[in-house]
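Next up: the structures, one after another.
One chain, chain A, appears in both complexes that follow, with chain B as partner in the first and chain C in the second.
Let's look at the complex of A and B:
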């Protein structure tokens, strides 16, 4: 690692953004450093300045605001997993963060880090996309929010500008009558990254049909994949085996799956078919057994 | 660029001057001479380098030393009191939970954190708690037994 590397730990977001502006592409934000240290060691990145967010107060809070949970960028994975309010309001989020790597990584890795890293094989992104979460970012021109769906742009690429910082993510609490699920399918060891991960939300109408259906598939392509047109195949219908199978087939057909050491493209397509079906079934069954919609 | 920081390790202050990219593991083993924490993979996979930071287990191979300034770090060297082994260390000896010993410091740190959070874990909880600490020798059976026995010992001591 180069000897000229500088380290900053600003105490305000303004200062942090200023430092990013000053150093341009040469600067890297540091959050938990679980990804960054490995990238630097492998010389995949060689920044000249590290800007730590660890001394900026207020980025590590989880709070409920207007029917949504707002999770700060420096909240660690383990804190999401154990948070009482997340477990009570959006349990699938706590479960998903609890499925990332192992406890040693979860104690360091942050919510802002997993967003900004945009690794195709991370777990939380698909869930954020399925839940219509919005990423809060701050840059020299102030704040803006980016729907999670538009935030992940490509392999390790997000909609962030180089001098913008993720400050948090706002996740709407699913409406009454909803059930959610996240299935992480691993092919090597239980704590590996996913080969395919599928998040689903089903909201049942009083007549038992699906008033809402959302499905996001992670780790199968460069970014989480969601297809409103294929979700619509299930909306307004009772989610019978036939209907669920049609949605699963449509997703399997639509995703241009990738090939890596966790599975070939062909295998991933077949696993998308299987796990989309299972994720919808789990969400549907959770909705049916939860408090009814009014 | 080099920065002067003070690391708090096992309740001792160590002032050190460091390059930015240095990992906590390399500083513990290098400048501080605390070679208990091991470098297995240097890639966040094996858990041999595990330490507690403010009581929470993390991989020191993927943690910047500068990030640890101002935090309380506990390494395996901090577990014993003088010459008296920690009950977990004693139990590891008694249950044959150590063969080559390379994974042992990480296992002990992991188990310490587990028992702090859950003083009476089931076997499944122990296995889940230690998942990610890789051992290539023992087959884990002795390790799990040692953690169970230390939990009982610690409960009796209270």
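Let's look at the complex of A and C:
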């Protein structure tokens, strides 16, 4: 029968993982379904089994554990955006999720979904990479964690095994004295996905120099781009225009930018240069105006 | 006759409450017993010969009730399976060859849409790919592949269009305008400017995609369809099925947006042919991806030459317009006329020469789109106005003011302008935005601000016809039978107001029908910003007739002269004597006619001479201006709209809320097309044919501050259409502001951040070289 599709609503992770094992390539996990329905309608994927995570308890929590926030896979974008604890502890995360698409999408799309989809033009991945977050996954052989940096492998490809499920993500709360920023730059409608998105974290030492500097660039290449060597150009220095400019130039030079309807490769390189600079400046200024560094 | 009642005002839209609650039925909500669902198999190639189609496996699939291919249609002589408002160049299913990627080649009706979709995959089509042409230059080059190699099959709908399809070329039609002596004027002009401007194809994106339900019942072909033109669809189905128009019934509920996409015949023929083949009702409802390749706005290249004198008078203009009309003519041959003459602009130019071509290519067909060719023309002439002003050091406002048409001056099509308000509109737009020609761009950090202006003229379809009928019931309530299409623009509310005020009734005593070609009288269509004016006139005529009948009935009853009577709140009375009043209902009952009946017929005259393009271009001229302040980020090229003023002439404002909403809608349409909207093709394949990849403006893209100047001159006693009028100035006003802010002049829409940044870099490189 054409179009036949089994829809499963397992109530435990074990059952969900079991179903994935049983159906193999034919199965797809479904969370908020904002990405999956489009892929199915465009016939880019044609699963015969959908495994919903919606009936598994416990995946929709946000909690603080040992100086980190643990965000469940089924937490919706809108929940992150409005969460009091996220706003208080890692405001840049709330802001970033608030910049995704529009409120209708955010009310359905989940944190696990945006991670597993690994679309190069999503906003949250760059922030997760900049904040050294770790993705928690579970499969038939139990749990493991994958640093966000290693999780995004290529276009629509992650480090997940076919029968593994994202259960959540652990995001360390930035140390005191840190400032963070995420700049989403769109070239078409304000509801578009980013042409480039840049996340930055700056922690200032008491002498005003940067004790820590992290920069991740999203939407410019297949996966979020972070270059510790170029972050090092800023670490230990006062983040003057000159230093910031050098980091921005290094990122612009290092990223093999892609070409799409939101901008050519040339334009993206120029935008990486502009927005890396602006993201570092914003993070630096936020750090400087935040609670005193110590 | 007694004087007309004072204009009535109405807040908003009568069915707003139902709309907000999702209770307004659309064509897609109709369920007919036994209804099947259709899907279309579309060509993957832009241009290919159909070698063979084998649908046998699809026909064998369980749940499939009918399968049609081009060959099935070609072999029948009881039908004529072609349509198109001017040329019958589009077949219900492609026969010998496909002409664009998306051209339907086979159709399936099945018990549900999934089965129909699955059946499509069982149809084997063998194609032989042909060389194809996608842009107008390639299409007109010597030896170019020919999109239509047969002579055009003509219809009779548009007697005023001269067919100049040139054999063995891709020229679908050619419009000419010849006024004065341009050659001499260019020779005598102090300065001559020549520039090229382009606009890309864009999508209408109505929220509701094309859809209809067709069924054949006791020899009557019934179609409930989302169309802006029920009578054009009826004529076309009668022709296809070789039956009289009396045997075709088209009904049209509220549309979920049209914007021109739903003018003329689209999906109705194939739905009706499938219904006939299956012997059951058939629904077809296009997906968004199909909608993208059903009809588009014309992509255009315009070469414009303009001569001016040292005292800033425009003395000559010559424009050549190449409208890319895609694989089928649709209404292209007419649109190139409006778009062509529009290049004359709202200026008093004694010498004008226009050649406007519709050019066939292997892209999806282009047709009517809000603005109807005028947006593309205005993008050219209003951009060039600023280029000339910049070059010669003139104030763009003053330069325009010197040349804008006034009453009594000849418009480009030769007739005298009347009821001209261009100067008033542009002047107040400039004032509202705080225009000051000496003002320098204001720079803060990387951001720079500046302002831009534009002013346009637009015709409405002329000649044209609308008719309406009125029935006054025995309780004194009034029913209007009209084929006006409600598509969210507020047709029902506007016509209710015009009908109610003619008899001094309350709005709840008046009803406006939906189009039903079995019942409601003829209307040319709801397009060209014409409904409130044209259908409104027909309604007012019908209601005026009822009024006369009431006065005569009451005069007999009261033994008075009709001239001494007045209509007040549903009663007729001797002037100032309410005690002697008689209710309308009593007059109707007394007349023993059951109801009072009347007709109204609005039919405008006009048209243009085929050799000179002179005559009457429009019954009256629509007028609009825009002023905008932009902020450009010099590091990124990104443009923000800070302030926007839209000025439009309405004659009389029938419904203030709806007039404002139409104007705001035009701003949203305009800024999308100015800044990012563009259908991108690669080898004839649409690259962004869905709403993830194709962007339209969202609420957050709207200018931070909007002001509207909907100009009313009640004394002119005229209604001007405002549905499209304020759209065309948006793009050039924004482009002009970007130029003033950055010195970067973009002549090819859209004005993307990347184009602006490249322009800034080019300027910087040039400056450092100097």
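Note that in this section the second predicted complex is superposed on the first by the 292 of 294 C-alpha atoms of A that agree within 3 Å, B and C clash if a C-alpha of one lies under 4 Å from a C-alpha of the other, contacts with A are read in each partner's own complex, and residues count from 1 in each chain.
Going forward, a residue touches a chain if its C-beta (ideal position, glycine included) is under 8 Å from a C-beta of that chain, and two chains touch if they have at least 3 such contacts.
A quick note: this is a predicted structure, and the numbers were derived from the prediction, not measured.
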Kindly say whether there is room for both chain B and chain C on chain A in the superposition, answering fit or clash. clash
Chain B versus chain C, judged by how many residues of chain A each one touches: B
Using the superposition on chain A described above, determine whether A:50 touches chain B (first), chain C (second), both, or neither. first
First, second, both or neither for A:105, with chain B first and chain C second: first
Partner chain(s) touched by A:7 [first = chain B, second = chain C, both, neither]: first
Which superposed partner A:289 touches (first chain B, second chain C, both, neither): neither
Does chain B (first) or chain C (second) touch A:84, or do both, or does neither? neither
Going by the contact rule set out at the top, does A:188 touch chain B (first), chain C (second), both, or neither? second
Touch test for A:38: chain B only (first), chain C only (second), both, or neither? both
For A:264, using the defined touch cut-off, is the partner it touches chain B, chain C, both, or neither? Pick first, second, both or neither. second
Common interface residues of chain A with chain B and chain C? 2-3, 38, 41, 102, 190-191
Touching chain A in the complex, chain C uses residues 114-115, 117-118, 287, 289, 635-636, 638, 672, 675-676, 680, 687-688, 690, 692-693, 695-698, 700-701, 752-754, 757
For the chain A and chain C complex, residues of the former touching the latter: 2-3, 38, 41-42, 102, 185, 187-192, 261, 263-264, 267, 270-271, 274
Using the touch definition up top, name the residues of chain A that touch chain B in the complex. 1-7, 30, 33-34, 37-38, 40-41, 50, 52, 54, 78, 101-105, 107-108, 190-191
Listed in rising order, chain B residues that touch chain A in their complex are 1, 3, 19-23, 42-44, 47, 50, 53, 56-59, 61-64, 66-67, 110, 113, 129, 131-132
